[in-house]
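Dropping a structure here in structure tokens format, bear with me for questions.
Read from first to last, the chains carry the letters A, B, C, D, E and F; within each, the first residue is number 1.
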Amino acid sequence: MKIVTLGEIMLRLSPAGAERIVQADSFCVQYGGAEANVAVALAGWGAEAFFASKVPYGEIGQSAVNALKRYGVDTKFVLRGGERLGLYYLEQGAGQRPSKVIYDRKGSAFACSAAEEYDFDALFAGADWFHLTGITPALGENVQKIAESACRAAKRAGAKISFDLNYRSSLWSKEEAKRAFDVLLGYTDVCITNESQMRDFYGIMPAAREEGCGYAARFLKEKFGVGYTAFTYRKTVGTGETVCGALSDGTASYMSDEFAVAGVERIGSGDAFAAGLIYSLCGGEPLRAAVRFAAAASCLKNTVRGDFCLLDKEEIAEFAQGKKYFGVKR
Amino acid sequence: MKIVTLGEIMLRLSPAGAERIVQADSFCVQYGGAEANVAVALAGWGAEAFFASKVPYGEIGQSAVNALKRYGVDTKFVLRGGERLGLYYLEQGAGQRPSKVIYDRKGSAFACSAAEEYDFDALFAGADWFHLTGITPALGENVQKIAESACRAAKRAGAKISFDLNYRSSLWSKEEAKRAFDVLLGYTDVCITNESQMRDFYGIMPAAREEGCGYAARFLKEKFGVGYTAFTYRKTVGTGETVCGALSDGTASYMSDEFAVAGVERIGSGDAFAAGLIYSLCGGEPLRAAVRFAAAASCLKNTVRGDFCLLDKEEIAEFAQGKKYFGVKR
Amino acid sequence: MKIVTLGEIMLRLSPAGAERIVQADSFCVQYGGAEANVAVALAGWGAEAFFASKVPYGEIGQSAVNALKRYGVDTKFVLRGGERLGLYYLEQGAGQRPSKVIYDRKGSAFACSAAEEYDFDALFAGADWFHLTGITPALGENVQKIAESACRAAKRAGAKISFDLNYRSSLWSKEEAKRAFDVLLGYTDVCITNESQMRDFYGIMPAAREEGCGYAARFLKEKFGVGYTAFTYRKTVGTGETVCGALSDGTASYMSDEFAVAGVERIGSGDAFAAGLIYSLCGGEPLRAAVRFAAAASCLKNTVRGDFCLLDKEEIAEFAQGKKYFGVKR
Amino acid sequence: MKIVTLGEIMLRLSPAGAERIVQADSFCVQYGGAEANVAVALAGWGAEAFFASKVPYGEIGQSAVNALKRYGVDTKFVLRGGERLGLYYLEQGAGQRPSKVIYDRKGSAFACSAAEEYDFDALFAGADWFHLTGITPALGENVQKIAESACRAAKRAGAKISFDLNYRSSLWSKEEAKRAFDVLLGYTDVCITNESQMRDFYGIMPAAREEGCGYAARFLKEKFGVGYTAFTYRKTVGTGETVCGALSDGTASYMSDEFAVAGVERIGSGDAFAAGLIYSLCGGEPLRAAVRFAAAASCLKNTVRGDFCLLDKEEIAEFAQGKKYFGVKR
Amino acid sequence: MKIVTLGEIMLRLSPAGAERIVQADSFCVQYGGAEANVAVALAGWGAEAFFASKVPYGEIGQSAVNALKRYGVDTKFVLRGGERLGLYYLEQGAGQRPSKVIYDRKGSAFACSAAEEYDFDALFAGADWFHLTGITPALGENVQKIAESACRAAKRAGAKISFDLNYRSSLWSKEEAKRAFDVLLGYTDVCITNESQMRDFYGIMPAAREEGCGYAARFLKEKFGVGYTAFTYRKTVGTGETVCGALSDGTASYMSDEFAVAGVERIGSGDAFAAGLIYSLCGGEPLRAAVRFAAAASCLKNTVRGDFCLLDKEEIAEFAQGKKYFGVKR
Amino acid sequence: MKIVTLGEIMLRLSPAGAERIVQADSFCVQYGGAEANVAVALAGWGAEAFFASKVPYGEIGQSAVNALKRYGVDTKFVLRGGERLGLYYLEQGAGQRPSKVIYDRKGSAFACSAAEEYDFDALFAGADWFHLTGITPALGENVQKIAESACRAAKRAGAKISFDLNYRSSLWSKEEAKRAFDVLLGYTDVCITNESQMRDFYGIMPAAREEGCGYAARFLKEKFGVGYTAFTYRKTVGTGETVCGALSDGTASYMSDEFAVAGVERIGSGDAFAAGLIYSLCGGEPLRAAVRFAAAASCLKNTVRGDFCLLDKEEIAEFAQGKKYFGVKR
């Protein structure tokens, strides 16, 4: 199972525990980015996972690459050069105080790189899957070209393509995003999205949750030829929250259980969903099992610090099946 | 908006996280005190906030002053001298284990200072508001004189005076407290108190929560000429807790919503309420909005480590309005 | 009140906070073991608590001993020698992710020690109580002999014997365990167990919780002459958990309240129950009070980091009586 | 004594202790920049020190401002706006391994600000002194205009101007630097430089150290009208290093003692020299005392972590006089 | 070998590493005091070491006691009660910056205790040695009475008495100290002092180091009946320092080698000397060996963080004999 | 340049900074072992470096593998299975106190593995070099067979073999070691040793340092057919230490400069020498350059925490050439 991802990896700086940034005397140093996170999860589950990107020469770029190598991602297609590594500040929330992300990623090596720098044919040789998110084209027109070139090369290599819309309003406008999404959905086999994105970009407002995903799947299949559409849902329940997922091929639609969210980290949950879905679908799992595994991964990711989904597939499967340990697994 | 506070600032020593004191190999170093906490909150919201006190010469006193300066409090009226900085040990609770405060504040520079050392007329020149708590007169008769002199100077300067009863049984007896309260309430425009204090000191036991605050307001207005009376309420709900506030001018009374408490810190919540109230009333907000903002600040304070209410007024306002971010604000 | 415990003490290595082992750059260093944990709790409550064991010469063995001395356990019967100190890795769970224990205790000084090395008559001189758990005989046949010799010496000295079955499937098979349990229960005055152990080892499956403990108590009294039988129960309630205890002399059975579990640590809760029970029974408390104190200790232990039950008896008693502090005890 | 500085303040990220960046799991968070460092030192010694700059809205910019406020710098002339706060990574050296600085400061709020944004007349009202370094004009032509406008305003206000050449080859070429230096030296009363800068920019190569500073002082006085010229010298002695300073008005020249460098930090030593010089000269100290105080401050700065010279003037004076404590000052 | 010490134990608060107090966000928590330090060293070397004192009830007092128990000191004669535990702030020096001690010990439980509270006959039953320092009588007249009562009880029990003058000018005047020293030296068998103390208190100014200790020994023997007198010497050598010791019975005098001081801690070196001397003399070692061991302990103490001399006697002996390991002992 | 190493990788547990083990509340977690350290250094310099070993299933074994992957070592030939990962405790020295290593490596997965488990032909396919140390055969006869099988396979593949004697007296006797060394030197192309090992094992005691390495090289060439012999020397100079190296082909001998050792870590210096030598010789450098680079790497390794030589080859080359930065490289 060779899976390729492409995008930006950033330095993540976060105060320890629940400290606010204005109180912080040290920042935890981690690395992450939507597509990199997916690659780490997949590598941890045994897939041959590649991450393509560009980072600057020197210690900071090297540390980003090392963070991926440490967890088994193949980084031989990470280019070196450019001016800086993008970074983001993360203030972990506590109780009702939300976590807060402040981006400082302009002018990064990846955001300033050009499609011609990448050897896509080498990258995709033998690849089974290519995963991309909507954060990548948000970084600029040159990066949109990189994304599109990568999609074309992936298609040439016979790889399936998953695309997680992941719209970030702080990076681009809805109009810009829509233009890029329209292009990239044309290459997409598996689209990961949610209700608000379908409404904002395609005017689809299904009345009921159960039918929404199937409706969207039929829409995306007709309009762009997308094979599968997955939805993630979040819901406030009291002072807590639940996540669940849906997956549809336009004909049949499957909802996972709703999983109560608890833990220590609020970042990377969506990427864990994508990774779980790719792993299941690329491994030939039935849709019902795929969405359950993906939603369980997404929920359990909240229990692990950092962007990366450092959970065994066995742990996720046990959780998906509701197994309990009364607190300690010996 | 120039607001003056006066009181003791202490070194706060607390084991990291949920460690017990007997396990601790290091203590987090923070600084705080009821009136200082109010000043920090107000400075953070844009008010010109002054804190008057006395700390010893040397690194420890300087660090206390620096902690206030860092967050924008004007400390030019903090005197230097005396023997020591008072301190308190805080053991953070966990689950059902309560947090624990151990005072070691006897003989502090502030507690041993005299009214004559302070230049109150300079301090209150142009002041709009003066805030005081019941902890200050609890430190001794000399400090009661400081408090009373300050109240008189505040009045001369035309400032409103808020007084938070804040009775601490470990510092003085109810009899001593009552004598001091009776004096200081004579200067008070806004009194912050709660049901048990009204019962213990003034024998007022309103039957129902809704009417209690109004009843107490009328009582305090008649007896001491207090203009506004605010109440804070805490209630155990399952294994959790809620806070809410009430505010009355004796005629109309307003209750805030009940906010479920969650977070990482159990200190400074009452001071955040006081700060929220002062900020709103001094800014001319209507009573209903004032008590909502104050109660929201009080609740959200539990999500921030340390004595200080390091929350933007926008964060508090959003929380008061029930805005949700599903865990991450990007 | 002189109480003797005997068993293995291990070095415990755990990542800080909720980090996973694969992320860890440092491990918290603590020491613990079922019987040592009981000794620490009892010493903290004022009993003369002895722990007998064997640790290697050198800094690591010495540190284990020092950890016990620090909290008042008498370690003069801890032998020195052998090759290594056993250790275990603990990954603290978070949210729905369970904690995880990985043992690395083979070949430890204690596990390789022989009954002849211990001066049991000196150890038990004047002892009122001896406590043992099922982990000790699981370490090998030589250790089973140590356990049995100790029981005989305890009996000679007139001490009561409590035995906590504490079956660990990663250490031995059920067949091996049963053989050892049958022997040791022959010496046991107070047996601590639970529903699944009674079912697995003695085929007892009481229909209802209320009667189960009494039924098991009668069974163990008849078969082995056990005087008192205590049960601990854990139950999942929503995303949380509760604990409670039962205690029976075969005639009368008492259930504690169910206490909701919350806190920061999932290890040592069972040992806190045992300590609470021993302390109460050895001190002549009535059964109802004993099981309430034991269950409260067990629950509250979850709020303290580390293996050790570092809670005052007053704190446990207040908690058992449902006293609340609204978060801060001043 | 009102002293104004102007420049960029950056977030400084450094691994703890002697860790290399590729090993780091956390970064110490500090703030610094050449002119800001001078302001902090002067504020600590009792001067009224102002720092003018521009930082972005939000937590990161606020934290930079707070770091200055904490140590008493007046920040009311720090503008808000722009895209990001510049930052630098610092890897502390150890033994023969040098410390390493990696800048990531392009596109910072200050580097992108324009002269028109600053209210220089308000800034310099009543100022006695203005300090600037060669790092500021290195940030771009717009910043050179800021520097020159500031110099003109300082002159109008009657302030003395000190300029520390501080050439950084990673920021600009020698040709660019020379053009800017020529302009700014035209406003300079006190120039701080060293042998290699005088050689590289002005072709001055004095044969002997003793006469070099005087020679350069005469050259700069003639060519630019500079009143005083100070030199810093560093020399390798065995595996260690020494610093000393010289100061000349063109007529008389004074050398400080050579101070052996030892400690924990290699950044900010030059800024401490500048601060020491300004403090002494602005306070009317004779040249000999001024250069001794400046060199002592420069040397002792190596014993304090962070960019800031957090040393009392009494500590520096005692050190300059060679006072010893056998390790502990009680 | 039963050795008794008596004095004050304090909480020691010090910033991590070389941070200054004004930078500190956490303090390392340790416990120490001159006599307690001696007890810990002796317990570590196998002696039966007792420490008598008084600490407050509660977590802070308990933690001080636990710190001693952890390293094997018998604390059964530590009384409970009083208001607070004395504390001191320690700022570790770096390079030429000295360490700095700030006492906050007034009103401590020990300083306020009375001689009648102690059961000296029980304390000294079977004791071989009693050690006291000049810090104890500096705490007040009541404490001087405690010291004298203890000396009398020690004499009754047949114990030898060592007294380390340890004059601290921040605690009392020379006149007060002299009065107390004159009394206590009347009980002293072994006096530990140095050149400046002998000069300041007894006007003895021996011309040369070699003869000074012998001269002082004869003086103290004649005037007070002191049997042995030990001197410690410190000398600045370049940027470093050396320590050595001398010991004399008035007839023969022995100097240790000079040991170059290096390490991480500058506190407790004198107490390690005292402990080394007591251990050697009480164990019957010849004078030459005793002073060598004491001086080696004193020097090597500088390599261990905290007040306590946590060094094996074998380590000290190897160091005294000049054994080298090229950095690693495997 | 494909280089293969084989040996044991251990978990390394060390207190932070200069804390002693008995004081430690946390251990830094690192991984290392003589051959693994060499592989990391070589991977960092751009070689294709393989490490073959066996580690247990689970988090601890995985973390050891990840530590190598992070720094670019190919771990595909690390087997999984067995009982435990060997570990060692490291107490960092300070000043004259030496560092201390305590092994706890018995029964490790690697030490219990068998030659048959390894696919040596795959491992050595295309390899240029194989490196082995004397620690590996010290682990048992089965491991000696692994070592010998690996040597034979390396020879078959045409790889050069370097062997670092690295005798550890705590692991085996000199007689056992000699038997194993005699066998392995028969396969060795490059032998790394020192004066004491040549004397102890082969009775060679060259009179002068300059000629010693050449003499030993001729001896080893004649007796075992070793092509090159390298020596490392350490010497105490005052309170410091120096390292240097020598390299001889039996005809010509070259000494490096003596480099003064300074820094923060005393482990891995010998492995850095080996890595430097292999890198130079495998890259075709002349002997004189090779030994200079190796000795510089060995010296500079002392400035990096952990077992791994995380230094760029450029840094080492600059250091070898004596380049200085006055403390900061910008």
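Observations
Here is the rule we use: a contact is a pair of C-beta atoms (placed from the backbone, for glycine too) under 8 Å apart; a residue touches a chain by one contact, two chains touch by 3 or more.
If you're wondering where the values come from, they're calculated on a predicted model, not measured in any experiment.
Fewest steps needed to get from subunit A to subunit F, stepping only to touching chains, is 1. Of all chains, the one whose Cα centroid sits at the greatest distance from that of subunit A is E.
Here the CA centre of subunit A is 62 Å from the CA centre of subunit E.
Between subunit B and subunit C the centroid-to-centroid distance comes to 45 Å (mean Cα coordinates, whole Å). One simple way to say how far apart two chains are is to compare their mean CA positions; for subunit C and subunit E this gives 41 Å. Multi-chain contact residues of subunit A, defined as those touching 2 or more other chains: 17, 20, 22, 25, 66, 71, 100, 261. By the definition given earlier, chain contacts exist for A-B, A-C, A-D, A-F, B-C, B-D, B-E, C-E, C-F, D-E, D-F, E-F.
Those residues of subunit E that touch subunit D in the complex are listed here as 17-20, 22-23, 93-101, 103, 168-170, 234, 236, 239, 241, 261, 266-267. Considering their complex, residues 66-67, 69-72 of subunit D touch subunit B. For subunit E in complex with subunit B, the touching residues are 13, 16, 20-22, 24-29, 58-60, 62-63, 66, 83-85, 89, 91, 100, 102, 104, 106-107. Interface residues of subunit B facing subunit A in the complex, by the touch rule stated above, are 17, 71, 240, 259-264, 299-300, 302-306, 310-311, 315, 319, 324-330.
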